[in-house]
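Multiple structures are listed underneath, in structure tokens.
Paired with chain B in one complex and with chain C in the other, chain A is shared by the two complexes that follow.
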Partner chain A sequence: MAEMEAKKEEKHSKRSSFWVWVMASVVFRLILVYFHKNLNLSSRPEVSTPLTSIRRLAEGYWLKQSSMSPYAGSMYHGSPLLLSLIGPLTVQRIQGKPNYLLCSLLFVLADVVSAVLIRATGQKLQTAYSQSLKLLELDNLSRSSEILSSGDVAALVYLWNPFTIVACVGLSTSPIENLAIILSLYGACTRLPSLAAFGWVVATHLSLYPAILIIPLIFLLGYGLDAPPRKLFVKRTHGKGGDNPSSGSSCQQEELLIQIKLPLTFSWKPVMHFLFWASVWSVYVLALCSLSVKQKGGLWEMFKSTYGFILTVEDLSPNMGVLWYFFAEVFDFFRNFFLIVFHMNILFMILPLAIRLNHRPCFLAFVYIMISSMLKSYPSVGDSALCLGLFGLFIFELADMQFSFFLFSGYVGVSLLSPVMHNLWIWRGTGNANFYYATAMAFACFQIILVVQSTSAMLNHDRKLRKLYVTKP
Partner chain B sequence: MAETEAETKSVTSRMRQRPIVRLGFLLISQSVIVSVICCTAGVLALLLLPVLAMNTYISENALMPGSASSMLSHQEILEANKLVRDIASLTSKPAGAAVESRGLIAQYMSNLGAEVNYHKFHPRSNQFHPLHFFSGPGSEAIQDNFSCSLYGVNTVGIVRAPHGDGKEAIVLVTPYDSVRGGVGEALSLGIAYSVFSLLTRVSWLAKDFIWLVADSQYGEYAPVTAWLRDYHTPVFGDLSSLNTEMCDENENIFKLKENSIPERNISYTFRHAGTMAAALVLKVAYRNEHFEDTLSIYAEASNGQMPNLDLINIVNYLAVHRQGLRVKVEKLWSLLEYKWLRILGEILESLGKLAKSLNPDWKFGISASDYVEGTATLASSLYYQALGVPTGPHGAFRDYQVDAITLEISPKYSFNNKDRRSDFLLQGGRLIEGIIRSVNNLLEKFHQSFFLYLLTSPGKFVSVGVYMIVFALLVAPLPLVAASLYADSNDLNPASRKDKKPINFDDLGGLLKSWKWLNSVKRVFVVHLWGAIVSLLPYFISQICDYTPTTNFLIWISLSMLILLILHQILGSPYSHMREIHSQEGEWALLKSVTISSLFIGLSLMSVINFATAEIGALLIVPTTLMAYPLKLDIKARSLRSLSRMICNLVLGVISFPPTTFFLLKGVLEGFKGINAGDFWNWIESLWAWNSATYLYIGMVHLPCWVLCVHILLHSC
Partner chain C sequence: MANRVLSLLIVCQVLYSTIAFGSVLDIEKEDEEFSEELLLKPLPDRKVLAHFHFQSTAPPSTSFGRHHHLFPKPISQLVKKFRVKEMELSFTQGRWRYEQWGGFDPISSNNAKPPGVELWAVFDVPQSQVDASWKNLTHALSGLFCASINFLESSTTYSSPELAFRPDLGNLRYGTLPREAVCTENLTPWLKLLPCRDKAGLSALMDRPSIYRGFYHSQRLHLTLTGSGLEELDSGIVLEQTLTVVLQPSSWRTGKSYVDKAHSQPSWSISSIFGRKVGGKCVLAKSSNVYLQFEKGLVGELKNLQKENANPETNKLASKVFLSNLSFDLSVNPDKVFEEVDDFHSKSTSILYEFSVEKYNGSHPLDLGLTWKIPVVWSCQQAPLHASRFLMGSGNERGAIAIYLRSTELSEGLKKSDIVDQSCELRVNVFQVVPWYIKVYYHTLQVFVNQQSRAVADIMEKIHVSPSKDKTSPGVMELILKFPCGLESAALNLEFDKGFLHIDEYPPDANQGFDIPAAVISYPDFHASMHFSEDGSLDKSPMFSKFQEKSLVLSYTEILLVPLTTPDFSMPYNVITITCTVFALYFGSLLNVLQKRVGEEERFLKNNAGRKTGRLSQLLSKFSTKLRGKPREPQPSTAVSSSFVSFKLILKILLVAGIAICWQYYFG
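Entry: the complex of A and B
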């Protein structure tokens, strides 16, 4: 009893300390927002890409206000909805305060909401996981999985990640994009097809790449949350049931199985709901867009200058991705071919990963996001921030990951080296584009190592579970 | 028994499969030997650099220095002499000399048909912009207040090129203090004037020529920066009107002066020419040289940036082969007297001779005196680059990616010798003319030759490809040792795998076994945070109180200690969940591993920003961090090895503390007499006032690393 009390106490203190850290992160952001002019983050190529830059958005808004197409002049490439949502904030002033203040507050709010949603998702995942471990009678493991609240860790990692902070203070729109993705994951985890569909449609509308998340979302809704491989449960219900002389208890367990909706069968109903809602939301979003750009070129121009711009890699200004340099160098007549190759790269990995990781849809979503943030045409630190935040959700499963310290040092080193190389190239003139591109490649390498290592750690964790389950007395 | 055998077999077979992995394991397991070898090799290679230096060559063919014969005639020299005389006569009567000499120079310029304008500027005190490095020039807003009574006026003359399109320009700067100007400055004006008057008539000029007479009463650097800032930041509307709003009464005086000059070409509106291809700063100083006329070249700009080597090459070529000047670059004179350096030089010389006798094609020997001179020059080159403070007004140009150097000509005879003056003017004028003619030939901006190099003599240099090896050798042990320490403390090493304990899932320590480095990372982060705070402190101290440097220094030290204590209390105390990990035995090893990794990252970054700082810093801090070992364990061991390690640790710990390093170096180079605790403060203040990256390096890499080393030394294992 006393132990329970102590645990409760501890939980309470943990919760309060979580909110303290959240508040601290908000205060830290506000301090940085105050020094916005000095930091000048919004002009860094790592922070604001052609898609996420607030300055381009302000330009688009200005064009729209003067009743021109916001896509005229190839400055703005985002969604028209974002334009109506954030656009007014870029010109609004409150009593002599600088005009970026409202935008900054909006982005800070988006970050906090994302963190809270990540936390809720993490708690869902954790309870479901420890339940399924209990069901496998791996009590030891299930107890240890409860020690550290992965939701809290992930939320705090997301909030305190320098990448997130920089993306938020640097006024790129990626906090909004990240919020949409996290919203869809949260909706799927809490089995709310309409919310999941809304998040997915908005995220796809804003940055196109989250479209591939439809597979993990369907798995999440169909199979339920992340769990150990399904084979183990099958073994449990059939193999062990025969051994057990008292059939009553096995019946009970089966009931329990049904009760917590274990992922043995694929349930079509929520998936159908999801698909229905997704179509409803997409029609809705498209209708809003067409209203917004009706007199200025219509939907076709919108698609051309948002999705078309993303897919054809028109803007070759340096960013932290690997595509700009390549397409600056490649001969024009090979351009289309390589465009197809690079985009296929993402699509090729979808199917094998979906087959191998179908019992862990959330982790699958993490891997997809990671891969697309690596290979997308205009990546920014905001995308990496989302990946690292989601990475925290699997802290228990990935406890034995290799090279963690190496990866950490690499991330720190490269993210410091990249602005220095940029300075050397652009301001000092003693370096050249290769210097900067080298850091972009190094960054991509570290991302690859992270995704490979985390996937293999996850598979090892599955193997370990199987071993423990089989050797269990 | 059989089981362990099988295990080792499987391990060996796995290792046999991948030679690279095997090699990596070998290096990591032998990290002590590897680090000793690498560090020694690094120091030796540094001493070998003067031998490895290459002769300079002109890389850009378009420059063609000295291919055309000089057109500067006695006519121009006569006029220049007249200007020098006029200015000298003006300076003899002090009242109003400043205004009049300015008017005089403008008059002379406009008489030649050049466009002339005055540029009024307000000198600004240097301010601390810690992030200045990452932003471009001109990003500092024009918001700082300046007093209106303090202002200087630059005089700018522009010759438009008859064949040019006005998109490129060459700049010649002559600092001239209109109040206290001496004969030297008048002579530099004379040289510049002779070239200027020649260039108004020649037909070959393809780039506009700008002659900036920088008003150097507030230092030589400030007027050039002010002019460059206004040149590169477009001001929409009239600049003078902007000034009128701020400083009203000055403008009235100004207008009066303007009216007194009845020339149409002279104006107050800012005149532009094209982008600058190169800039020269010309100074004349009498240095009492006994042998011949000498030319000193100063090239270091802020943060160790150098102009393109081709610019130095053409100056060197023309000065030596055409004008017969003796070219010098800075040397650390005290190094010349060291015995051990001479002995080392003699050894190298005999080695070179030996090599030559074995194979006549091997030519790497240089004479001992050359070696000593080269080392002294190299040391000063390293020092001035590491300091990150520009050595002259040319530094301002580098911020705008313009290659620039300062030329200081010192004649053999004193200035009073009137007969020699014409010869001297001719010589200097022809040199400048040759350089300008060369730069005029350029088709693109300087890009062919090196930007990253160290000079060992005016005609010899060490390129980035060579000196990077030295640095790489020094820092190569860092990742190896970090990996080996990390592997040891995590039992990842295949050798120590046997006594593997079963993982205990019940506690957090067992669960997050592979993440236990996080705790050490937190400590290292806290110390680096402290470093950042410490490097911000001097700015506030100098803002708030106005004490002597020594007091400031003491305040700084005590505040830093206080903050370190506070941070240790708040953040340094182990996180409640992590206590279990904290009490583990090998914690210091993990801490050292993380420290070394952070040092590696910091040094690599610094080597990109300012190589010289990273090199000097690595020489000091790398051995200290690699050696660091808890004193308690050494005392317990009581062997000769541990005793010597302890002594080494203590000595290195004392030496690598930045203030002691500074005082020791100062004492060795200048003598221990008259060393003052405030000197360090003054030095540091000069660093941050010039926005040197070295300052940030000391505060945010070197000092935290030193603190962490001391922490490891005093660790209670």
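Entry: the complex of A and C
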């Protein structure tokens, strides 16, 4: 009894400490927002890409206000909905306060909401996972109660990640995009097809690349949350049933199995719901967009200057990605070929990953997000922030990942070197473009290693489970 | 009733036909005309302005068909082919100094041009075909004038202003090439359009070295259609070719040594500034005159000086001749003297001396000279505001363009005169074209009036912005501003980001930077015009009839040079290979991880190990049996092979050595 009390107390204190950290991160952000002018983060190439820059959004809003199409120049490439949501906030100025105060408050709010959603998702994942481990009688593997839960870790990693803070304070719109992605994951994890569809549609509308998340979302809704490989359960029901067919315990187990809806069969109903809701939301979003761009250009112009701009990599200003310098240097007649190749690189990996990781849809979503944030045409720190935040959800499964220290120091090193190289090149004129490009390449390599190692660690984890299950007496 | 209507109709028809017949007669009576004029004007900063004006007119050419006597055929073909209604092309070197050389007279508002090439044209074609006509026109002009005007073909270089640059003209296209170098190769084709070229008449003065030595050099070609213009053949063409040069006269005659050397004006003559004399007129020219103009400020100053020096009795008889005798000498007596008719009734008006070239010939050339007797200081008439433009910020990422307007004497005068009238306003039009790689944030437009920030809406009367599209069109900003009269200074500020270009889009000297064409600042409430109509004899002169037209006062700002960052031009291959390697790394390693199966791997490893041991033991056993059975066989084979290899090697070495020896022997 006393032990239980102590545990409860501990849990309570843990929870309160979580909220303290959340509050601390908010306060930290607000302090940085107040010094926004001095930090000048909003013009950093790592923070504001042509798609997420608040200045371009303000320009689009100005064009819209002066009765022109926001896509009239090649300044704004975001969604018209974002324009009518954030646009008014860019104009309103409070005397004596930083210029974009209201915007920054909105982005801070978006960050906190995403963190809370990540935490909720993490808790869902953890309970489901420990349940399925219990089912396999591998309880000793779930040691979540001893330290902080993975949801808390992921949320705090997301909130305190310097990338997230910089993206939030630097007024890029990526916190909103991240919020949409996380919302769709949360909706799928809590089996709310309408919410998942909403998040997916909005995220796709904002930045196109989350479209590939439809596969993990369908898996999540069809099979349920992340679990050990499905074969083990099948083996378990068959094997144990064969051993002693009339035993009560196995019946009980099977009941439990049905009770918690273990991912043995693909349930079509929620998937159908999801698809239905997705079409409803996309029609809704398109209708809103067409309303707001009706006077000038219409939907076709919107698609051309948002999705078209993303896919054709027209803007060659430097960013963290690998494509800008490539397309600034490549010969014009190869341009289309390489555009196709680079975009296909994202699509090529979808199928193998989906086949291999279909029992872990959340992790699959993480890998997809990671790949698209690495190979997208205008990546920013906001995308990396989302990846690293989601990475926190799987810390227990990925505990024996290789090169983790190397990766950590690589991330730190690149994120320190990249501004230095940019300064040398752009401001001082002592370096050249290759310096900055080299850091971008290094960053891409580290991201590749992270993806590959985390995938292999997850597969190894599955192998370990299988081995443990097989060798279990 | 019907009868009456019929008769009325007949009368009308008769009337109409007589009018038409008369007009046809009129047209046939008109002939192609050519006239040449030269205006010389001393400038306050010890320089001389020489303004050549050649005008050729072609009447509506129904009677002549496609042939011309005087009018250049290529120009008329150009007009007919591309249906140009009005066009102006200027080649300029050097910058017009509005503060010293004036900004409020017809010469400065018509002939002060931005450096490089400026071309604007109005077309008489449907809206959809204007761009095609423009493209063809640029190519034709490029061939005609030996210049890279064809670069104006690309849609990134030209714009179609609507508000602030000659708004009443319709289908207008405007383009500039700020970095075009102007030299004799452009002047020669321009001179070819004149009937006498530079062989006779005033154009013979254009000695290339002396013209291009000047501080400012602007050669301009302006053509307009006259007449109804409803039908192609129904309209005549007026081609106006001007060359405006600002020259520094070398001290031609060491006059009296003045106490104040700085204020002394240099004395000059036509032969001293051009190195040639006017040896008669071009025989084909209808009129050929040289004018010497003294500006308002100069005349007023001279009168003042005269009052100081002369006794009051002679002052009563103050005539122009007297004026000339006291303070300066003209080497040739003028044929006529005109005085400007001023609307403002100010105390002094500018004076014009006319010299007719007809009297002179090769043996008795005209060499007009001006010798100053007393030092004189004056200033030119200024535009209401003095405009300058500059860049702000450092680094290659972003910056800001600032247009700074400062009040001049004229606007100060306005301020004094209209101090009672509170609603007094000064309207200023700004027209600025910015290339697409300068990505201007128009929402950051800030206005400072008298160094205080003001809301943009208070100052702005109208704004028209067409933002730049990447690689498609330049950004055009047209503003109509409304300043209070008490304006001392005003500044407009616009922020921009610098774009990054593909390596093929950089010019060969990429690190020099990119030019932003000059902005045009005009004052719609002010018009410059000059009237010298004392006896109406000057009305026949095309140059002065041009000066009499009200021309908008406008000034061009400086051209801005923006440095952009460059990629490394030398390593496209490296970038392609490195990037592709990273992609391959990603693809390969991820696929490898995914297709690896632990169980199979272990089996594979086991199999491999087994196979290896098996093969090794087999080999060993084979070797041992062979050694035992036929111990000599393997050894000779290896010996043969080794000897063979060494033989080959020796052969090669010998060959190389032989070549080296030969080389040494023959070429050493």
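What we mean here is this: the second predicted complex is superposed on the first by the 461 of 473 C-alpha atoms of A that agree within 3 Å, B and C clash if a C-alpha of one lies under 4 Å from a C-alpha of the other, contacts with A are read in each partner's own complex, and residues count from 1 in each chain.
The rule we apply is simple: contacts are C-beta pairs under 8 Å (C-beta built on N, C-alpha and C of every residue); 3 or more make two chains touch, one makes a residue touch a chain.
Every value quoted in this text rests on a predicted model; they were computed, and no experiment measured them.
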Exercise. Mind working out whether A:Ser317 is in touch with chain B, chain C, both or neither, as first, second, both or neither?
Key: second
Quiz item: After lining up the shared chain so the two structures overlap, which partner does A:Ser456 touch, if you call chain B first and chain C second: first, second, both or neither?
Solution: second
Self-check item: Partner chain(s) touched by A:Met421 [first = chain B, second = chain C, both, neither]
Solution: first
Quiz item: A:Val470 contacts which: chain B (first), chain C (second), both, neither?
Solution: neither
Practice problem: Identify the partner contact of A:Gly429: answer first if only chain B is touched, second if only chain C is, both if each is, neither if none is. | Solution: both
Quiz prompt | Partner with the higher number of touched chain A residues, chain C or chain B | solution = C
Quiz item: Is A:Leu347 contacted by the first partner chain B, the second partner chain C, both or neither?
Solution: neither
Quiz prompt | On chain A, the residue positions that both chain B and chain C contact, one per complex | solution = 426-427, 429
Self-check item: chain B partner contacts - residues on chain A that touch it in the complex
Solution: 37-40, 140-141, 143-144, 147-148, 395-396, 399-402, 404-405, 408-409, 412-413, 416-417, 419-421, 423-424, 426-430
Practice problem: Please give the residue numbers of chain C that touch chain A in the complex, ascending. | Solution: 394-398, 436, 439, 441-443, 463, 465-471, 475, 497, 499-504, 565-568, 571-572, 575-576, 578-579, 582-583, 585-587, 589-591, 593-596, 598
Self-check item: Residue ranges of chain A in contact with chain C within the complex
Solution: 43, 55, 58-59, 61-63, 66, 68, 72-75, 314-318, 322-332, 341-342, 345, 348-349, 352-353, 356, 374-375, 425-427, 429, 432-434, 437, 441, 444-445, 448, 451-452, 455-456, 459-460, 463
Quiz item: Which residues of chain B touch chain A in their complex?
Solution: 131, 133-137, 139, 141, 305, 401, 451-452, 486, 505-508, 510-515, 517, 521, 577, 593-594, 597-598, 600-601, 604-605, 608-609
